[in-house]
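Look at the two complexes coming up: subunit A is in both, with subunit B in one and subunit C in the other.
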Partner chain A sequence: MIEATVQLLATALALGSAYALTALGFVLIINAVGAVNFAHGDLVMAGGFVAVALSLLLPEGLPVPGLILLPAVLLTMAVGGAALAAVAYAPLRRSPPVSVFISTIAVGLILQHAISLGAGPQPRVGPSLVGDGLVDLLGAALSYQQLATIAVAAVLCLAVHTLLNRTRFGRQLRAAAQDPEMARACGIDLRITIGATFALAGALAGGAGLLLSNQYFVTPTDGAMFMLKAYVATVIGGWGRIWGAAVAALCIAVFEVLVAAAVSYLVAEMLLYLGVLALLMLRPQGLFGEAEGRRA
Partner chain B sequence: MRLAVHRRGLAYVMLFLTAGAVLLGAGDAYAMRVATLVGTYAIAAIGFQLVFGRLGLLALSQGALFAIGAYALALSSVHWGWPPVLGLVLSVVVPALAGALVAVPIARLESHYVALATLGLAQLVLLAVTNLEVTGGANGLYGIPPLTVFGFDLSDSWRMLAVVWVAVAMALCVFAWATGAGRAGRLATLRDAPHAALALGLDPISNRLLAFTVAGALAGLAGGFQALGLGVVSPAVARFDVMITLLAIAVVGGRGSVWGAVTAAAILVPLPEVFRGLEQAYLLAYGVMLLAAVVALPTGIDGLVRRVLPDAPAPTPTPAAPKSRKISVLRVERVAKRFGGVQALDGAGFDARAGEVTGIIGANGSGKTTLLNIVTGLETADAGVVRLDAIPLLNHSPRARAGLGLARGFQHPEIPGGIDVLATVSVAATLGAGMAALERVGLAGRARVPATSLGPAERRRLDIARALAAGPTILLLDEPASGLGAGERADLAVLLCALAKSGMAVVVVEHGMDFLLPIADRLVCLDAGRVLAAGPTDAVCRDPAVIAAYLGTESAS
Partner chain C sequence: MHMTITRSLMTLSAAVALAIGMPATAQADDPLAVSVLVPITGFLALEGTAQRNGAVMALDNPPEGVRVTYDVADTATSPEVAVTALRRALDRQKPVAIAAPIFGTQMLAMAPIADRADVPLITVSGTAKLTELGHDIVFRFFPTDAVVKVAQARYAVQDLGMKRPAILFQTTAYGQSGRTELVRVLGDLGVAPVLEEAIDPGIKDFVPALERAAAAGADGLLLQLHSGPTALAVRQAHERGFEGPIVAGSALHQPTTAALVEPAALAGVCAESASSPVSDSGAEMAAFAEAYRQRFEAEPDAFALAQYDGMNMVLAALAAGARTAEAVKIWLAGNRFQGLAMEYVSDGTGNMAHDAIILCYDGLTRTPVVRKRYDNVDGVR
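Let's look at the complex of A and B:
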């Protein structure tokens, strides 16, 4: 019993840490430009494929292939995120947010089908982070991959937290997100902060993609699912609250894994969407309230 | 007026009829099936233009309603043995009801929540039809009988084509009805000017309900045709691809334009056939076209056509004075309002008497705008009393307050796109009253230009005219003179005095003392959410506390 519980919790935490990274980037973009990035899930998926592609270039038998590739994946997807800003946001910054919703839906579509055409529609396996192996904890056998996933996600979250709170650049990002007009008046270049936010979000999505690609494989059609989870997490965590969304994403994974183990994954999915509909109806400001400063 | 507006519609109809004639002349059964599919998607897209284009809601449930329509027909004919004609009725009714059900809970939600709620619903529908036994699971439902009416077989390719395109024409009529009788202006105002819409007494809920119901009916009818055309319904109809196709049609065609949507359907729907063998490469093409359209051609195909065939200017109606009512005083007492940690209003109030201009002054953040918002019902008060003569207002909806004669102008006027100046001011009044209001603010000559083409000063006058058109007894304005030139300020001052003289109570929040002091009969000075001084203008101007806190010594003279 206790082994099974520990096993499930480890699975849930590993999955949840990847979801949390996804949700973190999703909310950063919402705060920076006031629009939903519908391509965010496809960035996660693309990160998985970048990891798969790069792993083919590595020599066989390296001990920690995923960890070696992590910086390259983060960098590639940061560039991808910045490119997304240039293509789907910059030309529309004076249009209503719904235009950005649509342009990102378009980019997501392009990413999904371009990758599907190039790499084929079948699932691919990404590199493992630190090789294969098991650790015994309270009788449960936890894989290196699970533990490394949790550790990498925790380090990335800490890095984001440090960037946002301890650096001048991070304060500029937050200031620009909170009050763009005032930030501009203080000499902050919004094009740079917004581009950087998209790059950061892209890197986080790419990291999540790498983390998920080994255990869960990666398929070109996966994007929509990742995006939906991040979207739901954003609503549960309170619109605009970055750490609220990250924690909510973690909880969604725990919920999913537990319900899937007890009943089925299908039931878990249905309950999640029914739950979010109920939440939107009864408490649209989220369980913990929306971030302050976005009164109409 | 109708004929001039319909010049473009006529051009589109000629285009479609020509294409239809060529198609029938060629007599190619395959081409006819594709053209039937174009018509099918056009019907669903026309419905989507109502919620997405006209109401501005990214309702990602339209594809799911399409699927519900397809399954309603399949279930009724395969499982219950209904004739497909009756099945088609079901595929209109069930999604219409589903659309209405969707509209109720999301009627008050903001755009980003609407997108998620409708996306969640779509996901639930997909999961349900893929996994339920009654819908045939992943295999779907087979053996849908052909469409017959009184034993007359309509299922061969050209008859089906005719049936579907007659339905397209009907869908266009339904859309014209749903946006007719001034509703186009109301929908545009609800979409682009939500605060003004609320203050004008427009009802977002009933409008959303109508739009979603019609959109659901049309999506379902299209789904029914899809099921009849294929003879099979599988979970593929519930996949997001259908929604993407509808969204691409709406955006490429031009948001809110049904003619553009039908044209875009004729371009986009055949694409999968062009890319056959390349699986879903057509969706890559949709993605590219969607991105290109939203970035480079935001008005879509219809915007291009408009450039070639612009609307002929419609005649302007004769001005007609709105019916007038009489009140004596608006009394606002001890109003309190807290935002998080900020006490924005702390027992503030004022009296506004008919026939007088009441000025509200005070530093930034002293609570002036919040007070106006509470009086008009855009925000709720934590405590206090607002009375119009004997009628307590605070438990009335903004709509009811507008009906009692309250009208409001905004510091940053929200201007709806896609409608002209006259339609903008007439959303809550007759065209004649709108015209009269435009004359009062000096915009009569601009009645038939697009509202969004006005400059900042004209937009402000448009906002005031919009408030005046309904014939209010109380007019509340938020910094109406800011950003105006000297001449425009003088005109505005004359207008406000005339309105007061005609028996209206005019309330003006303003920073420009040179503008306000000559016209205000009474002043209320707010400071940190409290009334610092109130009374006749001269007395308040001489009040030492007001001079110290706000006016400064120079402007006291």
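Let's look at the complex of A and C:
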């Protein structure tokens, strides 16, 4: 019993920590531009494919290929995020938010089809973070990969927290997100902060993509599922609440895994969305409250 | 004198037809059109791409004296897109046959329209209902669940000794249809599954299902999952130390699925399929596999081969003199055809394939070996 519970919790935390990174990037963009980036799930998927592509360049037999590639994936996807801002947001920044919804949906589909054409439609396996192997914990066999996924996601979350709260640049990002007009009046260049936010969100999506691509594979059509998880986590955590969404993503994974193990996957999913409906009716601002003025 | 008058009249009528922009009557050596409407994008892109590859390999190499043209269109994953592609093909290309999607939901939407136009749909879709609706234009070249699930269940029970299997199946039409057949055949064999778990194709984590299977005392797993989920289930079962045998659905036979799993995790795992081009060492099959690899830089699978055989049977109909969609349909319904994978003949409802095989992996390579053949499972041939 304990063995099974530990096994399930480790699985849920590994999956949830990657979802938390996804939700984190998703909320950063909501806060920066007041609109939903519907291409965010496809950025996660693209991050997985970038990891797969870069892993082909590494010599065989490296002990920690995923860790070696992580900086390159983050950088590549940061550039991708900035490019998304330039293509799908900047030209429409004075348009109603719905224009950004549509443009990001379009970019997401273009990304999905381009990768499908370039890499093929089949699932791919990303590089393992730390190689294969199992650790025995209370009788449960936990893979190195699961534990490394949780650790890497935690480090990335901590890095984002430090960036946003302990650096001048982070304070500028938060100021621009909280009150763009006042930030502009204080001399903050909104184009740079918004571009940087998209880059940061892209990097986080890339990190999530790499973490997921080994244990759970990656296919060009995965983006919609990641997007849905991030969206639901944001609704539960509170629209615009950065850490609320990340915690909610973690909770969603734990909830789904435990209920699926106790009853069934279908019941787990039904209960999750029933919970979301109840939350929307009873506490529409989410569990941690809505960041003021963020809902588009 | 009579010949001269006839020739003059033909020339005159052709000239008039051309002058007023009407299509001339089809001549015996005019190329005939075939449409290839398959899901090249979306969650069935892997299977749809295999279908396309198999179809175009056949259509690019017609028999002597047969000339065909073809267009390929993507049906993606929605019935609406598939129906639009079908209507466009019927309006513009006037095909004598259509290579149609593996996706049963799309096929169910397309079949009534193709039925009204009387154009045969050549598919590898496994959805049982397709050939139970009374349309005489659906021709299925991949064995139905009523064939392959018999092989899967019999092998699990009679050869591997499973007495308490757990069935993990997808929530899609493919998964539901296979699960129904598995339960029926297991019942005939006197075995009741201890767990039947429906799993959405988006689910990445199979540990909860494996835990429930273990808790229910399952002594083996029967999988009816799509490609990626099959690989995930096999790998996670291996990592978790699930001890019973696994007999998967046909998705595992696809080389791209096996490529996702380390050979060690595949040790002792088996799968049903209609064929396995990479496992068959016969000269003709080897030539097909090599030509496929060279052209598409990919390994062929049973879906590609079944679609290849299906389109070759259409070409055989054209070689036998069929010049219209209706004539092709009648020929397909009334003749036998020896394809690369098996001999095809209709059961009267359009089910053309009646054989299945069981493939197993040795844990050393990702190329399976054919462990057992189940010929003429439904007794049609």
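Note that in this section the second predicted complex is superposed on the first by the 291 of 296 C-alpha atoms of A that agree within 3 Å, B and C clash if a C-alpha of one lies under 4 Å from a C-alpha of the other, contacts with A are read in each partner's own complex, and residues count from 1 in each chain.
Assume a residue touches a chain if its C-beta (ideal position, glycine included) is under 8 Å from a C-beta of that chain, and two chains touch if they have at least 3 such contacts.
Every value quoted in this text rests on a predicted model; they were computed, and no experiment measured them.
Novice: Do subunit B and subunit C fit side by side on subunit A in the superposed arrangement, or is it a clash?
Specialist: Subunit B/subunit C on subunit A - steric clash.
Novice: Check whether A:Y216 is in contact with subunit B, with subunit C, with both or with neither, and answer first, second, both or neither.
Specialist: A:Y216: touches subunit C, not subunit B.
Novice: With both complexes overlaid on chain A, does A:Y231 touch subunit B (first), subunit C (second), both or neither?
Specialist: first
Novice: Just checking: does A:W239 make contact with subunit B only, subunit C only, both, or neither of them? Give me first, second, both or neither.
Specialist: In the superposed model, A:W239 contacts subunit B only, not subunit C.
Novice: So, does A:V257 touch the first partner subunit B, the second partner subunit C, both, or neither?
Specialist: In the superposed model, A:V257 contacts subunit C only, not subunit B.
Novice: With both complexes overlaid on chain A, does A:L266 touch subunit B (first), subunit C (second), both or neither?
Specialist: Both partners, subunit B and subunit C.
Novice: Looking at A:I110, would you say it contacts subunit B, subunit C, both, or neither? Reply first, second, both or neither.
Specialist: After superposition on chain A, A:I110 lies in contact with subunit B alone.
Novice: If we overlay the two complexes on their shared chain A, which of subunit B and subunit C does A:N37 touch? Say first, second, both or neither.
Specialist: The answer is neither, since A:N37 touches no partner chain.
Novice: Go through the superposed model and pick first if A:T193 touches only subunit B, second if only subunit C, both, or neither.
Specialist: Neither partner.
Novice: Contacts for A:S17 in the overlay, against subunit B (first) and subunit C (second): which applies, first, second, both or neither?
Specialist: The answer is neither, since A:S17 touches no partner chain.
Novice: Would you mind checking which one, subunit B or subunit C, touches more residues on subunit A?
Specialist: After superposing on chain A, more of subunit A is contacted by B.
Novice: On subunit A, what residues does subunit B touch that subunit C touches as well?
Specialist: 112-113, 116, 121, 266, 269
Novice: Which residues of subunit A touch subunit B in the complex?
Specialist: Listed in rising order, the residues are 30, 35-36, 87-88, 91-92, 95-99, 101-103, 105-110, 112-114, 116-117, 121, 224, 228, 231-232, 235, 239, 266, 269-270, 273-274, 276-277, 280-281, 284, 292, 295-296.
Novice: Could you please specify the touching residues of subunit A with respect to subunit C in the complex?
Specialist: So the residues of subunit A in touch with subunit C come to 4, 7-8, 11-12, 15, 112-113, 116, 120-125, 132, 134, 141, 143, 212, 215-217, 219-221, 225, 257-258, 260-261, 264-266, 268-269.
Novice: Over in the complex, which subunit B residues touch subunit A? Could you list them?
Specialist: These residues of subunit B touch subunit A: 56, 58, 105-106, 108-113, 115-117, 119-121, 123-124, 127, 131, 194-195, 240, 244, 247, 251, 278-281, 283-284, 286-288, 290-291, 294-296, 298, 339-340.
Novice: Which residues, counting only subunit C, touch subunit A once they are in their complex?
Specialist: 40-43, 45-46, 48-49, 171, 197-200, 202-205, 207-209, 211-212, 214-215, 227-228, 231-232, 239-241, 256-257, 259-260, 262, 298
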